Amino acid sequence: MAELIPPPILFFVLGAAAAALRSDLHLPESLAKTLSIYLMVAIGLKGGAALGTPGASEGLWGALGAGVVLSFLLPILAFALLRAASSLDRETAAAVSGHYGSVSVVTFATAIGTLNALGLPHEGFMPAVLAAMETPAIVTALLLANGAVRRHRNRASGPGAPTPLPVLLREVLLNGSIVLLLGSFAIGWFGGEPARAQFAPFAEALFPGALALFLLEMGLVAARQIRAAPGVLDARLFAFGLVMPLIGGALGLGAGLLVGLSVGGVALMAVLSASASYIAVPAAMRMALPKADAGVYVTLSLAVTFPFNVVAGIPIWIAAAQMVVG
Amino acid sequence: MAELIPPPILFFVLGAAAAALRSDLHLPESLAKTLSIYLMVAIGLKGGAALGTPGASEGLWGALGAGVVLSFLLPILAFALLRAASSLDRETAAAVSGHYGSVSVVTFATAIGTLNALGLPHEGFMPAVLAAMETPAIVTALLLANGAVRRHRNRASGPGAPTPLPVLLREVLLNGSIVLLLGSFAIGWFGGEPARAQFAPFAEALFPGALALFLLEMGLVAARQIRAAPGVLDARLFAFGLVMPLIGGALGLGAGLLVGLSVGGVALMAVLSASASYIAVPAAMRMALPKADAGVYVTLSLAVTFPFNVVAGIPIWIAAAQMVVG
Amino acid sequence: MAELIPPPILFFVLGAAAAALRSDLHLPESLAKTLSIYLMVAIGLKGGAALGTPGASEGLWGALGAGVVLSFLLPILAFALLRAASSLDRETAAAVSGHYGSVSVVTFATAIGTLNALGLPHEGFMPAVLAAMETPAIVTALLLANGAVRRHRNRASGPGAPTPLPVLLREVLLNGSIVLLLGSFAIGWFGGEPARAQFAPFAEALFPGALALFLLEMGLVAARQIRAAPGVLDARLFAFGLVMPLIGGALGLGAGLLVGLSVGGVALMAVLSASASYIAVPAAMRMALPKADAGVYVTLSLAVTFPFNVVAGIPIWIAAAQMVVG
Amino acid sequence: MALHARKRIEIVMEAVRAEQVTAWLDQLGATGWTVLPVKVGRGRQGLRRAGVPGGIFDNVVILCVVSDEVAERVVRHQEELLVAKPAIVTISDCYVLRGDRFV
Amino acid sequence: MALHARKRIEIVMEAVRAEQVTAWLDQLGATGWTVLPVKVGRGRQGLRRAGVPGGIFDNVVILCVVSDEVAERVVRHQEELLVAKPAIVTISDCYVLRGDRFV
Amino acid sequence: MALHARKRIEIVMEAVRAEQVTAWLDQLGATGWTVLPVKVGRGRQGLRRAGVPGGIFDNVVILCVVSDEVAERVVRHQEELLVAKPAIVTISDCYVLRGDRFV
């Protein structure tokens, strides 16, 4: 039993339990930020170093392409589902669907940690796929919200006008996390084995501990978010938060197979597609679609889909990848 | 000589010296919080993993029972001493005595560090004893302050009314530190050897460094506290801050012997009984006994008893344990 | 190629690029402070431990003396250059020159990291030389600003009056960084091999990772500072920021040779002389010479000289030291 | 035009008790409040510098914009507030945009 | 003597949009402004506690001291301000030393 | 009833000199003060964003509630205050509970 649950995930459960019991446990804000910076750097360095080994870039372009296409298309599916099955207004539905096309770094980090613990290798370029999947979904979401946005633009002179798409894309592409992830990836790749060796005690040995602390924080935040916004999600929205990652994950699994990834790579592709952004996209949607209800999209992605992926999704997709990859 | 003083303690001396010389050395607030979170998690994980080895829970119940009894009774002793020998009012004396029944995590961590450096093993369940000793003393302190509290309760409607006992106990039991310590303990125990190995670079290798930084901060805080509150402690109170940990430690030593702990376990039991809380209990007393003088109890436990225990107490109790345990 | 650029320096480039592209990447303030505390402690501990090995203090006094003399005299040179070639007022020129006599800890740390990566040893006492060079330059700077300061002192009663020299020196000598560096040095020296071994995973294994994060922050800060103060530096001031470290470094190289240091020691002496303070001295100048233009000295030392030293200076001085030391 | 007279209440007090006061403001009918951190403060207790572990020397500033009725209620029930040992309670006049937000 | 009447504008709002408002204040002629962090706040949206990753529940307080003309301009153009969804906008009277700083 | 007229002094200035000002307020007879952190500010010096190592671009807000006499003393001795280069000094009217605290 203990072998099936990677220890860092137990810290997620601990955080959620502490918040549910209304413990006053709090991580300092700057610790959470520091940990997310650390995870980005560690994932990037490791991926870059792995890409440097001979033959490691095989399959890179296929995987990147698959990721970008999924990120563009998943929001359409999510939007259709939401408009059919929920009573969300157009703008909020579009904002929510943007989250599900994009990705969650911590879900990815947890999956990497689990694969490492199981001894399953994966393609070193997957952090680049992660970065590539972050943005396209935002474009789709804004196109889906189209009408609402156009109406808004008339009073675009005041300080609260929605941010126009090109500005927004620039901001998201230059978003701190992406720059850090891709930058560290480039450094790891350029620095090769000497860089890897020099950073190993920092970027590899500390990874499980740092991930555990971050998941603790995520557990606290997710459970508190659920409690802070009790009326925000009705049963249909809640169901969407569980079903959508299953659909996304299945599509990711298929895409991973199609482009010929290894077991670990297919599992990660499924996890990326199943995951929903809760850092970059909420901030972008707050700027671009100010009328969308932030309570809905934050709660759905942070408090429903994230825990579901971490606790159930990752083991499901690893098992599925082991079955489907011959 | 150098072998007798564990290096992390030298950082306590450095911090105290820096503050005494009025250096502007400051650790960011969030670093201090992060370090205390780290110590909790590392102590918990290590204790839990140790408990998982065969036969390791032998003596657990005796030690827990002894700890709880000591935590309940030590405040009575402290209170009697204070009422006899100092001029503190009833409410402040009760608040102070609550601190001495409860425990200090960093004193415990320092003792663990010293035992490790000396190669002396101890029972893995001692972190659980630490957690068990945190709360009972608060109950005793409130009973001792009884009269004062009852008088207060009449205007209990305003926001400053003393917090009632059940609410307070709930809060203290669900206090962030306890949840973190016991949660990590459970995770270490449940995760077993794989979890220990995965977290070792984080939870074990970094322990002396993190402890050193935290003791640096404690040295700064203790010396500044002494200076900030020059008139707060008269000679009798100061003496109390040195004598009470000796009494507590001796009783803890006896209790450890009685329940049949090893040399390391007896030493830790003495250290726990000798130590005074300076995080959880001050906050609880501020809520429950608002009329008690916070300057007195914070200064006594933080600036007198804590340094005394770290510099003199720990070596004393380890030596004593080595003598008394056959 | 990859072997020539130490990987942590790539993080400086990443930070500068992110800021130049106007990415919103930000490190939490307390992380930057924590990293600088860490670097101080790690450098101090390592230097102290190295000093403890037999024969390691040979040459210490010569190096300390050379450092102090350089720190006293370099500002005179810088001041003469600035008065001759720029249009800065007397007080600002004096303030700037104080920065160039003093030293930059992170430049030193980066040089240490590069030497380690190249396998070049250096004298263990160099952190003490670093500490010795921090303050004398401030005295010289105040003497150079003399007239301006005297005029000011007449309305010394208000809260904004310039801080008098003795008070200032006391403050700088007891400045947090110096206390931490020298204190850790003393602890490393006193604790000897057992302390070194106990702290190694913290102070040695994590060093490259922590340095990389700090250089990331420095890259962000330097590039943003350049952009925030576009008109502050004219071409002559900019040239000064590149030429002065070359002059300082050459003098440091000579001094290192003169007192008979090893290749690594000579290189570090050159790096120290070439480097300009951007933490302790700006704060001191803000207090002592309130009329000097802080925009000028911060931008010069942080955004011109620091990057120049990190990217070009360190390799130059290491190569030069290898050539000149027989 | 478009400006409505309201009251600003600002309370400086220790952080550990702030939740009691905000809960009490809620009870008295405040439509909201904002809590700001404090770096350091001096008063009758001497210096209180934020950052001691446990946070017992942290102060906060609570800002609450209210209608005249709620302000009066606060003054009338000040006995209850005073048990929370606020260090400083100031009330001052201000104008707000969108008065409907502070009934 | 040496005191000049001016207006204090204080805006409580979400941190992610604060830059839009400060840029707008610049446009309207404010000579400066100051942004303070908020620990936690309550309003119509419920509790907003700082520190969620991404900062989308962070609030700030923007303080801007202005001349009467600028204050009037702010009130007159408030429609533009309101699209940034400030939670609370208060305007009050104050005196400043050195009035030349707030034309 | 139970309200006493006092003055609120608020000073925005760079953090490194704040201690000089609070010491000076002490000298002039203020019974206390509160220092709040600032995230970012703009003024004649351009943008000052907190967080540069060494803290030299950090600002603070100093809040000091005083009696009319102390406020007058502050205005009268403002020359001394101005050498500390406060960016903004505002004084406004307010009412406090428990006036005995601000003699």
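For reference, chains read A, B, C, D, E and F in written order, and residue numbers begin at 1 within each chain.
Basically, contacts are C-beta pairs under 8 Å (C-beta built on N, C-alpha and C of every residue); 3 or more make two chains touch, one makes a residue touch a chain.
In this text, all values refer to a predicted model and were calculated from it rather than measured experimentally.
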item: Third chains touching both chain D and chain C; value: B, F
item: Lowest number of touching-chain links that must be crossed from chain A to chain D; value: 2
item: Centroid comparison with chain D (C-alpha atoms), farthest chain; value: C
item: Farthest chain (mean CA position) relative to chain F; value: A
item: Degree value of the rotation bringing chain E onto chain F, based on Cα positions, nearest 5; value: 120
item: Approximate Å spacing (C-alpha centroids) for the pair chain C, chain E; value: 39
item: Euclidean distance of C-alpha centroids - chain D vs chain F, Å; value: 19
item: Centroid distance [mean C-alpha coordinates] between chain E and chain B, Å; value: 45
item: Inter-chain centre distance, chain B versus chain D - centres from mean C-alpha coordinates, in Å; value: 34
item: Residues within chain A bordering two or more other chains; value: 26, 28-30, 33, 201, 205-206
item: Shared interface positions of chain F, touching two or more other chains; value: 36-37, 81-82, 92-93
item: Pairs of chains found to touch, sorted by chain label; value: A-B, A-C, A-E, B-C, B-D, C-F, D-E, D-F, E-F
item: Partner chain A, residues of chain B touching it in the complex; value: 28-30, 33-34, 37, 41, 171, 174-176, 179-180, 183-184, 186-187, 190-192, 194-195, 198-199, 201-203, 205-206
item: Residues of chain D touching chain F in the complex; value: 12, 36-44, 59, 61, 75, 78, 81-82, 86-93
item: Residue ranges of chain B touching chain D (in the complex, touch as defined); value: 26, 28-29, 32-33, 36, 155, 157-161, 217, 221, 225, 228-229, 278-280, 282-283, 286-287, 290, 294-295, 298
item: Touching residues on chain D, where the partner in the complex is chain E; value: 1-3, 6, 8, 22, 26, 31-37, 60, 63, 65, 92-98, 101
item: Of all residues in chain F, those that touch chain C in their complex; value: 14, 16-17, 20-21, 23-24, 45-47, 50-56, 77, 79-85
